[in-house]
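First chain written, first letter: the chains are A, B, C and D, and each begins at residue 1.
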């Protein structure tokens, strides 16, 4: 037929697709098709993800604590309005993200240090930070860089916006139903030209069998989330190919280091060390992911961090069952059952890995009871000794800022949420503050290593494996996956 | 009692086998139900390329399906048994109470029965499990709640008719107090009918539990049930079918046997039922 | 009357019973025949195979029963080998049947008029108007009041007797050559029964219909039969003209049956001057949504040791009264004083204590015993519930069980292992085990066949002589009442309309209803 | 069975609905705070506070209950916490899909179940009877999600005949409809058979044969209307099984109906929607049973025409 249509069957959709309030693994997938960022990581030309290219911003330069962003001219929103500096300033404003009662409070995390955002001309915006911040362009390639239209946003309110969002992206939302489908349509007035397909649908099909069968019958062009064990079935299937990509996100287990519940044995660091040493994480990852992802033996030493990455680094706490047993003996642990809260089915293979880990811990004399709970609320409900989470790593591209400081700092979610599992040590805060301010690359790396060392001394958790995303794609269609949960289905990335 | 048709024999045999397997099936395997073997993941069963180490194959964590099925069957049967027996006790007590007191007590009880019957039970179970979190106790409670209404309705009916039987009136005129009348006379006489209801309720509980497991709300690991094993393996149906199909088949066979047995019992007891009704 | 060639004859008919039954054949080698214009009465104990045989003639045996051998010839053709279409054509048109259970035999879904009309629709091509006309005529013939109204009624809106008459109308609709009537008058009161018998005789006279009439009532036999066949356990033990069977029965079973037929022989009154121990006054009872009260101003007093008969048409309130006295039912007003204490309004333990003085024997001996309780336990339960020790209770029961003519070994058996008569004796023993002052017997004999009736009646008399209890005896059989009771109360529409000593009642009854009742006693004149 | 009966029945219906509302309300609100599940895993306290105020979750339970009840009377079932739309709108959007699916399932269950039951009763103990009963018990004992997945793999994946998920064309209806109806068809067949058998054994069936009517005439004109009476009741009750079944079947086939909506909103603790759904389903069931009773009393002359 004349209209080209692309149907993507996904295992989950999120009920809200506002760029900050609606952040979730399922909505991130759709964002870049609806919104454009000011700055974007160019994965097409530099798969390492170190290169930033202009998108809605055409230029950016820093003068001390002030960044001046120049905007692209003639960019249209889906509702026909033209994008102005006002819109961009509002997008990054205190009113929306970082003031006292912002529309999207989580924006604060991503705008730490902002003191002023102002439209200084029809197409220029100034951002002033408390300290010098070299990473503003990188941060603008994240969620806060998705530009929203001020007038429409204020008119609908955050909730309404999350249901019927308007962006400048290549596709326009026709109908969004978080528990059914997201139906998009090519945006003819897109500044970069119309996208490759006229209709783009993300369809919610929770059962894998349904997605697979739909791919076979041609109902779906792309299906997401193939169980890792089933990948070779796709590989041998006619008319479809498998696309697999490691994603800048690591699954983790948090050890609750606080005295809550009372007498929590995990307050003893020997026990925490023992727990790390009792797990043959390489074997687990190998078994569950057939070598398609890996386990970073040294926390925060992640390959996507370029200069920060040291391939030869040695782990402090390698797999060693005997050592683990010795540590258990040394600790005050008396065989209490440790409760591990896990949100069921949220991360690929997490549940399976947990079942394996529980058995491995048992070998070392540690009793862990994994409780698989239906949603985060139940998982976050105290008491628990351990908590399943995952964390992104690319808030500042090529810099370990997010996992090490954004998440673990005193204002970070792990130290401040109702379910907080640790209180940062003084030393950690001290080094961290210096690291966050540091603009000199060498100094920054030294501080990073020191900070990581302090973290490892405490060992308030364990990063497990790098997340994987996979898709099966019908022959005749291909797209370039990026190491994020997002699916860029616009020009350059999607080929028909 | 004397002429038991083949089909009833077959169901009894199936149920016995299931019971034996649940109780002693674990002995057939060298592995514990939770023991994982990451090098032997998704091994096919015997006859489909598997070997004697894992006669029924393994699941995605390399756990022995034979051991798991025995464990799962045990738990499923336990849940069904506890659920149906508790449900029967609860329902029958209320039914007896309603039939004894009549009047507003009866009206109230029967209204609660109506309310329960007017809500598809899976809605209640789903909501409660999701909102209160999953625990074995809650699950058993729910399974007992499932079907109590039919016991209540049934027992009220048969007790009412049994009560109006001349022999019950005769016993009353002898000065036997009501509780003794119910326990010594009425209960034994209506037990058959309630047992039939039990055989019908039993497979329904197994099925309900498995449906909840399918939605991720049934028995939680490391405990396991047939429904859970089956739900666990459903993503692998097109490659490692045995993980899902074997427990599915077991659920099916046990339910089938129970249904057939129940039907047969009911047919046998029906004349008795009708006599009671008159 | 000279017999013409038989219209219907049954030759050596055998019908097997399914495996679980207590005998192998429901009907074993039965042969008989009926000629046009002849009425053959088949009598015999309950369960002797009368209904099964008549259903076999109609080709309506239920599942599990099958004809094993023999012939059923109608006009020389064997019905058993006839093609089903031809046989269907005979059914309803040439051979018709009135079933034993009239209410259940009518389809609750359709108006009764329609159901009778259906016979015409199936077999004739009469117009609807003609059919309707004919049905209304039939309804008046069977003495249904207001045929137009009845036509529009559903079975559940009719009384048992009315349903039975509808069934009779249906059977007579096409003036069949053979009419099989299975206890067609059991649900009718004696007066209506007499009229229906007239109707059947009339049909026979006008159309020469051959009638097979099944009954257990020798009064009816006396009224209507030309010839009589006697059945026992599936066998036809004797057959002959009415005169011969009634006057010179050959088979011992027939003799036993006839000997047991109750006679109308009013008993002499025994003087009883003791003050009454039970006085019921002004009892009132109305069932919801019923117009006629079940009890209206009923007063009754009973002296120690006397026997009071309670008779009256069906539905007149006899059982209601009995149940009120023993407090199985409640009353709306009035009092029942037992030894100076009012039973009305008592509940729980005090009631149970008073009720010990009154015991009851129920109509149906088959359902009056808990089927899962051994006789011994059933008998000791009452005394023990009233404070006797197990040993005392067992002693009393052993005494009683031989007094009612059973072996002590009976105590170890379950109810289903006894015959109806034996069960009724057990029930009597159970009631007497409490040493009651009053024994109520509500149609305690009607489910038993005549031979058993006689035995139980004798037992009751004996026991009363020994233990001296008073008796309230409910029956519809005036002959039994007359031979047993000191006083007879006649009930109609919830009232006691007449109360008199038996001889007085039979000779000088004042109330027209009583007179009608006496008139209609079948087969008997006073 | 006059006006009094229906009044009583109506009162009972209302009390039932009230009890359902109250029960779900209390259970849902006391089971914990929906906030975290609704907001993203790492929502901040400020975000949570904002949310709470917005939906009045900071008020006392009784206040919330009162407000909810008052709103109910004006036809307002509340708003989804997730997307702020009215519950009625959300349900109205999904309901047609479920009705469509339910109707297909029910129709095929009726079309197969009842005739199969009748035939089995007429040919009692024959091969046909055995076949029907086997089918019925299989329908009863086979978990419907299992059946659903097997069907998907067979008809969609291997044969590539039928679409596997979603709604849209008539083809989409086939598999979920079949799956959903299978259980009901089985129960119906069983029930119809026993109702029919019971009627066939009744003395009045003997009467119609004694009148010389052909076999089929007797079955159609006399047995069937009588058997229909209990069947109508079971039809009403079976609707409950159907509604319950949609929860699972819609999940398997990705069918955008209210069953799946329930699972989704339960998982995300969207209280208002869950409550609205439970209430609506209960109302539907109660209504269906009322209707069954009404039909029952209309076709059964023993009730229609009282003495």
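Going forward, a residue touches a chain if its C-beta (ideal position, glycine included) is under 8 Å from a C-beta of that chain, and two chains touch if they have at least 3 such contacts.
Just so we're on the same page, UniProt names per chain: B, D = Peptide/nickel transport system permease protein; C = Peptide/nickel transport system ATP-binding protein.
All of these numbers come straight from a predicted model, not from anything done at the bench.
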item: Pair of chains joined by more contacts [C-beta pairs], C-D or B-D; value: B-D
item: Euclidean distance of C-alpha centroids - chain B vs chain D, Å; value: 22
item: Centre distance in Å when chain C and chain D are each reduced to the mean of their C-alpha atoms; value: 50
item: Whole-Å gap separating chain A and chain D, where each centre is the average of the chain's CA atoms; value: 41
item: Whole-Å gap separating chain A and chain C, where each centre is the average of the chain's CA atoms; value: 88
item: Junction residues of chain D, two or more chains touched; value: 32, 149, 153, 157, 251, 267, 269
item: Junction residues of chain B, two or more chains touched; value: 130, 234, 237-238
item: Pairwise chain contacts under the document criterion; value: A-B, A-D, B-C, B-D, C-D
item: Chain A-facing residues of chain B, complex; value: 34-36, 38-39, 41-42, 60-62, 129-130, 133-134, 216-217, 220-222, 234-240
item: Interface residues, chain D side, partner chain A - complex; value: 32-38, 40-47, 50, 82-85, 93, 149, 152-153, 156-157, 160-166, 251-254, 256, 260-261, 264-265, 267-269
item: Residues on chain A engaged by chain B in the complex (per definition of touch); value: 207-209, 212, 227, 229-230, 233, 283-284, 286-287, 344-345, 351-352, 355-356, 358-359, 370-375, 378, 381
item: Chain B-touching residues of chain C, taken from the complex the two chains share; value: 19-20, 326, 328, 349, 352-353, 355-356, 358-360, 362-364, 367-373, 381-382, 385-386, 427, 430, 434
item: In the complex, chain B residues that touch chain D; value: 111, 114-115, 117-123, 126-128, 130-132, 203, 207, 210-211, 214-215, 227, 230, 234, 237-238, 244, 248, 251-252, 255-256, 259-260, 263
